[in-house]
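Same chain, two partners: chain A is paired with chain B first, then with chain C.
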Partner chain A sequence: MEKRVVFRSSWLPWALLAPQVTVIAVFFFWPAGQAILQSVQQSDPFGTSVEWVGLENFRNLWNDPTYLASFYTTALFSVLVAGLGISISLVLAVFADRIVKGALVYKTLLIWPYAVAPAVAGVLWLFMLAPSVGVVSYWLRVLGVDWDPLLNGRHAMTMVVAAAVWKQISYNFLFFLAGLQSVPKSLIEAAAIDGARPWRRFWTIVFPLLSPTTFFLLVINIVYAFFDTFGIIDAATEGGPGKDTSILVYKVYYDGIKAMDLGSSAAQSVVLMVIVIALTVVQFRYVEKKVNY
Partner chain B sequence: MVERHPLLDALSHLILILGVLMVAFPLYLTFVASTHTTSEIVQAPMTLLPGDQLLENYSTAWNGTRKGTGSKAPVAQMMVVSLVTALVIAFGKIAISLLSAFAIVYFRFPFRMFFFWAIFVTLMLPVEVRILPTYKVVSDLGMLNSYAGLTIPLIASATATFLFRQFFLTVPDELVEAARVDGAGPMRFFKDVLVPLSSTSIAALFVIQFIYGWNQYLWPLLVTTEENMYPVVIGIKRMISGGDAQTEWNIVMATALLAMIPPALVVMLMQRWFVKGLVDTEK
Partner chain C sequence: MKIKFAMVACAAAVSVSAFAQTEIQWWHSMTSVNGEVVNDLAKNFNATQSAYKIVPTFKGNYTESFTAAVAAFRAGNAPHILQVFEVGTATMMASKGVTVPVGKIMKESGVKFDPSAYVSAVAGYYTAPNGEMLSFPFNSSTTVFYFNKDAFKAAGIATDKAPSTWPEVALAAAKLKATGHKCPLSIAWQGWTQLESFSAWHNVEFATKGNGMQGMDARMKVNSPLHVRHIENLANMAKQGLFVYKGRSNVPEASFISGECAMMTTSTGFYGNVKANAKFDWGLAPLPYYPDVPGAPQNTVIGGASLWVMAGKKADEYKGIAQFFNYLSQPDIQAATHQRTGYLPITTAAFQLTEKSGFYQKNPGTDVGVNQMIRKTTDKSRGIRLGNYVQIRTIEDEELEQVWNGKKTAKEALDSIVQRGNDLLERFEKANKS
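Entry: the complex of A and B
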C-alpha cells in the first residue's frame, strides 16, 4: 500500500528518520554484528589477544553437556509455561464469557498481574515458596511434601513455572476473551436448537473457531518463556539449584557477564538470534492468517 | 446466553472466584507481609491477617533506613529513577516512531523501504540476544549509571513504528490535499492533523510502553552499578541477600508493593487503552 499524495523535501525525511535509525544502528545492529563476529573468535577476558577459530565455539557448545541441559531446561520450562498458562486462561475466559453479571469485576481483578514486573513476580513467589518463611511451603510440609526449592531442582522449576504462569494469565485471558466474543452467536444458537449441550458446543464450535487465537498465544507464550522470564529466574532462583532452572537466556547472561567467557557467550547469542528469527517468522507467516476465519 | 443453566452459572462464578483468588493471593500476602515485623514473618506459619507495622515498614522502605543485609537505597529515590526511565522510554518510543512512520509513509526518498525493514528487523534482536556487545557499546560511550544509558538503547520501537505506519496509511489523502491548499507544510500537517488523529493509538501505546519501561530488569541490571541509579525493580532484588531467613521480608514486600502501584494504576485507570494497546502491538 502506498500513498498517492506525498510531500516533497530532499532533507526532511532523513531528519525525521535520523533518531530511530541512529538508535537501531548503534544499539541493535552494531552489537548484533559484534556478537556474530565474536562467535567465530576466541579471546581472553581482557581482550589482549583475539584469535579466529571458525565454528569452534559452536562445536564446543554442542559438546557442552551444561548447554544441552540448558536447552532441555528451556524446552521443559516453555512447554510448561505455555501449556499451563494457556489452559488456565482458556478455562477462565470461557466461564467469564458466559457470565453477564459481574463480568467486568472479574476481568479487572484478573488483569492485575500484567502490571507486575517479572522480577517482582519472582520475589513474590519466592516469598510464598521459600523453605523457611514461605506460607505455601508450610502448608506443603503439613501435607507431607518435603518442599525445598533451594535444594531440589524440580521444586525450583515448579516455583519459576508458577510465577511465570501467574504473570502471563492476564494476557492470555484478555486475548481469549476477545476471541470468544467474536464467535458468532448465531452458530451457538443453531447448535443449541439442534440439541447440542454446552460441553459439546464448546468442543465442536467454540474451540475450533478459537484455534487461531490459541496458536497465536502459543507462539507469544513460548517467546515469553524464552526471553521475558529472565527477571523471574534471576529473582527467584538465580538459575539454581545448581543449573536446574538456568534457561538459555540466563546462561548467556551468566557466561558472558559473570564468567566472562566471550566466545561462548557470543555463540550462544547467535543461537538465540536464530531462535528469535524462527519464532518471529512463524508468528508472522501463520498468525497473519488468523484474521479471516 | 442461549439457554438458562443455573447450575452452570454457579459453576462459572465458582471457577472465576477461584481464579481471582489464585491471582490475588500472592498480592494479598505481599500486603500482609508488609504490615508485620521481620520476626513475626519468620515464625512459620506467618499469620494471614494484616499487622500493625504498616506505617513503620513503609516509611523505613521509603527512606531507606533499614539495618539488615543487602542494598539500603531509599525506595523514594528508586521510584524516581523508575518513573523517569519509564516515562522517557514511553514518550521516546512514541515520538521517534511517529517521526519515522511519518517519513516512511508521506515522503519518497531512496532506501525508504530499506529503512522500514531495518526498523522492523529489530523485532528479532531483543536485548537478550546481544547482552554483552550492547553493554560494551554503552560502556564505551560512557553511558553506564546514567539515565541516557537506561533509556536510549531501549527507545527504538519496531512495533510502534509499524503500528503508526498502518494507521497513517488509512488516513484519507484528501486531508493532505486540504492541508496543501491551505498552505500547510509537512511539519504543520504532522503536528495539527496526524498527531491529533493518532491520539488513541498514542494512549494505547503509552500504557504498554510505560509498563514495559517500568518493569525492565535485565538492561538496568547491566548498566547500573551504583545504588543511586537503581530502578526499584532492581532494588528489590538487591535487598534479598544471604539466606531467606535473614532477609527483611517486611521491607522487601513493602517495596514490592510500592513498585507495583504505578504500573497497576496505569493499567486500571487506562484499562480501555490498555486492552487496545495489547491487541494493536501484537498484530
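Entry: the complex of A and C
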C-alpha cells in the first residue's frame, strides 16, 4: 500500500512553499519575463524611446550568418567542456577515492578551483597561454608547436575549453567522490571474489551505480557551458580570432552589456533559453532512461 | 523621543544651510596618472570657490562606467557629469532627453563661452550639425607612430627621421627582420588606426554623410581600392613576418614597451607609459601614409572621451557645471593637463601656451599628435561618428583578424565590414528616427 502524508491545514503547504516560490519568481520568472518583453522591443540604452518591433530582433538574428555560425561553435564548445569536464573529474575522483593517506589534502586541492571567479580563471589561463609571455606557450614553442591563440581559432578554442573545464572539474569531482563513497563495498568485494578485475568491476558495478550522478552532472555541465562561461571567454579571447570562440552566451553578454543593444541581446537570451529547455527535456526523456536509480 | 528627533532634524537642516554647497557628481574612467589629474582638477576647482563641490568618482573603464550610468539613469540617480568615450558619442546624441547640450548650459548660466576657442578637429567632433556644442571635450587623443631607435640602429637604419610612408615602413621592417628581429611592426587599435584614422589621413571617406557627422543615414565605405590596397599590404607583411599581430585594443602596446616589437601605431595616450617604462631610446612620429595619394597626409581623427551633462538636474547645479567647464577651459589649466597626460590640448590658446613654454622642445614628439590635428579639416576628415559604433569596432577586429590569419582576402574582409556595419547602421537609423 502506498503511504501518503496529507496536510490537514489548507494554508500550511502554501506557506511552506512560499519562500522557494518567491525566490524562483524573483530570480527566474521575473527576469525571464523581462527578457521576453525586451526581445520584442527596440530601445536606446537609456530606455527613453521604446519601440515595439514584434519579431524583428529575431529576424535580424536569423539573417546574420555569423550568429548562425556561432551555434556550431557553441555546440563544439559545450560538448568539449561537458565531455572533458565529466571524464577528467571522474578519473580524478576514482583515484582520490582510493587514496588512504593524505586524502584530505588532495581533495582540498582538487576542490579549490571552484572558488575562482570565471573572469579570473580566464585571465589565469590567458597568462599561461599568451603567445608572448605565457609559460605554457614557451614550452610549446620549445616542443616545436607554433602556438598562437590570437590568430589560430583552434588554439583559441583549446585555451577557453581548458579554462572552462578546469573551473568546473572541482564541482564534478565533489559529486563523483560522494557517489563513489556511496557504492556498497559488499558489491565490489563480491565481484572481486567472483574474479572480476578492477577495470571490469568499475564498468559493470561502479559506473552503473554512478549513472544518476553522471546524468545530473551532464545536465549541469551543459547548462554551465551554455550560460556561465562568458566571463572566461571575455577575459581570454573576446570571442576571437574572428568569431571562432564567440559562443551564443558571449554574444548575449557583449551585445547587452558592452554594446547596449538590449533588444537584440534579449532576443538572443530567449533563443538560448529555448535551446537549454529543449536540451534538458531531451536529456530527461532519453538519457534518463539509461539511468539506474 | 519625538522632540529629540525633531531637534536632530533641525540641527541637520541648519548644518546643511550652513554649508550650502551644491555637490556635483562626476563619473570618470581615468586611471593612474590620468586619474590623479582628474582628482587634482576637482580639488583645485573646489578651492577656487565655495558654492559648488565637484565630486569625482572612478566607475571602471569606459564601457563599465557607461553601463553604470545607464543603470543609474534608469533608476533616476544619474551623475551630473559623465565621461563617455568617443565611440559612444552618436549613442549619446541620439538618446533624447538624456543629456543637456553644453552650449545651452553655458549660455543659460551666463558664462562667457566661445566655441571657436577650441581646436576645431576636437570640438567639431562633439558639435551638432546646427553648431551647438553637445559635450565638453575632455581628454582627446589621436593615432601616432612609435619606433624603437635602438632596434633601428642595430638593423642599420637611420634614426634621425622615422619612416614616414608605408613603403618606408615596409623597407625598415624588412631590414629589421633580416637582422633577426622577431616583430618588426605591430598595430594597436587596428580598426581605429588602420581604417578610421587611415581614411581621414588620406582624405578618403570611411563612411558616407561626412563619416556620419551629417546624419544618421551614413553607410560604410571602407572597401574602397585604397583601403583594400592598404590591408592587402599589411596582410603581405604579416605573411612575411614583418607585421606581427598582437591582439585587440591596446593589448599590443606591451610588446613595444618590452622591446619585442620595434614599430607600433597606437594612441598619443601611450606616450606617458613609454616615457615611464621603455628601457631603450625611442621616437614618436606622424602616422605613415601613401605618398601617391592626393591630399595625403590630411589630418588624423580623435579618440579619447568627452564630458556629457545629464538631464533632469536642478538649475543651480547646471550653473556649477558651467563654472567648472569654464575653469577647465582656461589656457593655463588646459596646458598643464595636456603636458601631464599627453592628451591633446583642446583650445588653441593652450597649445600656444605650451609651445611658448618650450615644452615641445624639451619633450620631442609630444607635438606630433597636436600637429596632426591642428589642420583645416575636410568633410572626409572631420571625424567619424557612427551609431552602434562599439559593435562596428568589434566587427573591424573580427574581420581584420581573419585577414591576418589568411582565412579571408583583404577585399572579402572589407566587404564584410561594410555589409555587417551597414546592417547595424540601418538598425540604428531605424531605432532613432523621430
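Before moving on, here are some points about what is shown:
The rule is simple: the second predicted complex is superposed on the first by the 210 of 293 C-alpha atoms of A that agree within 3 Å, B and C clash if a C-alpha of one lies under 4 Å from a C-alpha of the other, contacts with A are read in each partner's own complex, and residues count from 1 in each chain.
Rule of thumb we're sticking to: a residue touches a chain if its C-beta (ideal position, glycine included) is under 8 Å from a C-beta of that chain, and two chains touch if they have at least 3 such contacts.
As the structure is a prediction and not an experimental result, all values here were calculated from the model.
Contacts of A:L151 after superposition: chain C is touched, whereas chain B is not reached.
By the touch criterion defined above, A:S49 lies against chain C but remains apart from chain B after alignment on the C-alpha atoms of chain A.
Looking at the shared chain after the overlay, A:L17 reaches chain B, while chain C stays out of its contact range. By the document's definition of touching, both partners, chain B and chain C, reach A:I257.
Of the two partner chains, both chain B and chain C are touched by A:S132.
Comparing chain C and chain B on the residues of chain A they touch gives the larger count to B. Contacts of A:I277 after superposition on the shared chain: chain B is touched, whereas chain C is not. Judged by the touch definition given at the top, the superposed model places A:D64 against chain C, while chain B stays out of reach. In the superposition on chain A, A:G83 contacts neither chain B nor chain C. Within chain A, the residues touching chain B in one complex and chain C in the other are 131-132, 150, 257. Taken in their complex, chain B has these residues touching chain A: 1-3, 5, 8-9, 11-13, 15-16, 19-20, 22-24, 26-27, 29-30, 33, 41-42, 44-46, 48, 95-97, 99-100, 102-109, 112, 115, 118-119, 122-126, 128-138, 152-153, 155-157, 161, 169, 173, 176-177, 180, 185-187, 189, 211, 214-218, 221-222, 233-234, 236-237, 240, 243-245, 249, 252-253, 256, 259-260, 263-264, 266-268, 271, 274-275, 278-279, 282.
Contacts from chain C toward chain A in the complex involve residues 63, 66-67, 70, 73-74, 91, 94-98, 245-248, 254-255, 258, 260, 388, 390-391, 394, 397-399, 401-402, 404-405, 407, 420, 423, 427, 430-432, 434. Residues 42-49, 51, 60, 63-64, 66, 131-132, 150-153, 238-243, 254-255, 257-261 of chain A touch chain C in their complex.
Residues of chain A touching chain B in their complex: 1, 3-10, 12-14, 16-17, 19-21, 23-24, 26-32, 34-35, 38, 88, 91-92, 95-96, 98-100, 102, 106, 108-121, 123-128, 130-135, 137-139, 150, 166, 169-171, 174-175, 178, 185, 188-189, 192, 198, 216, 220, 227, 230-231, 234-235, 249, 252-253, 256-257, 262, 265-266, 269, 272-273, 276-277, 280.
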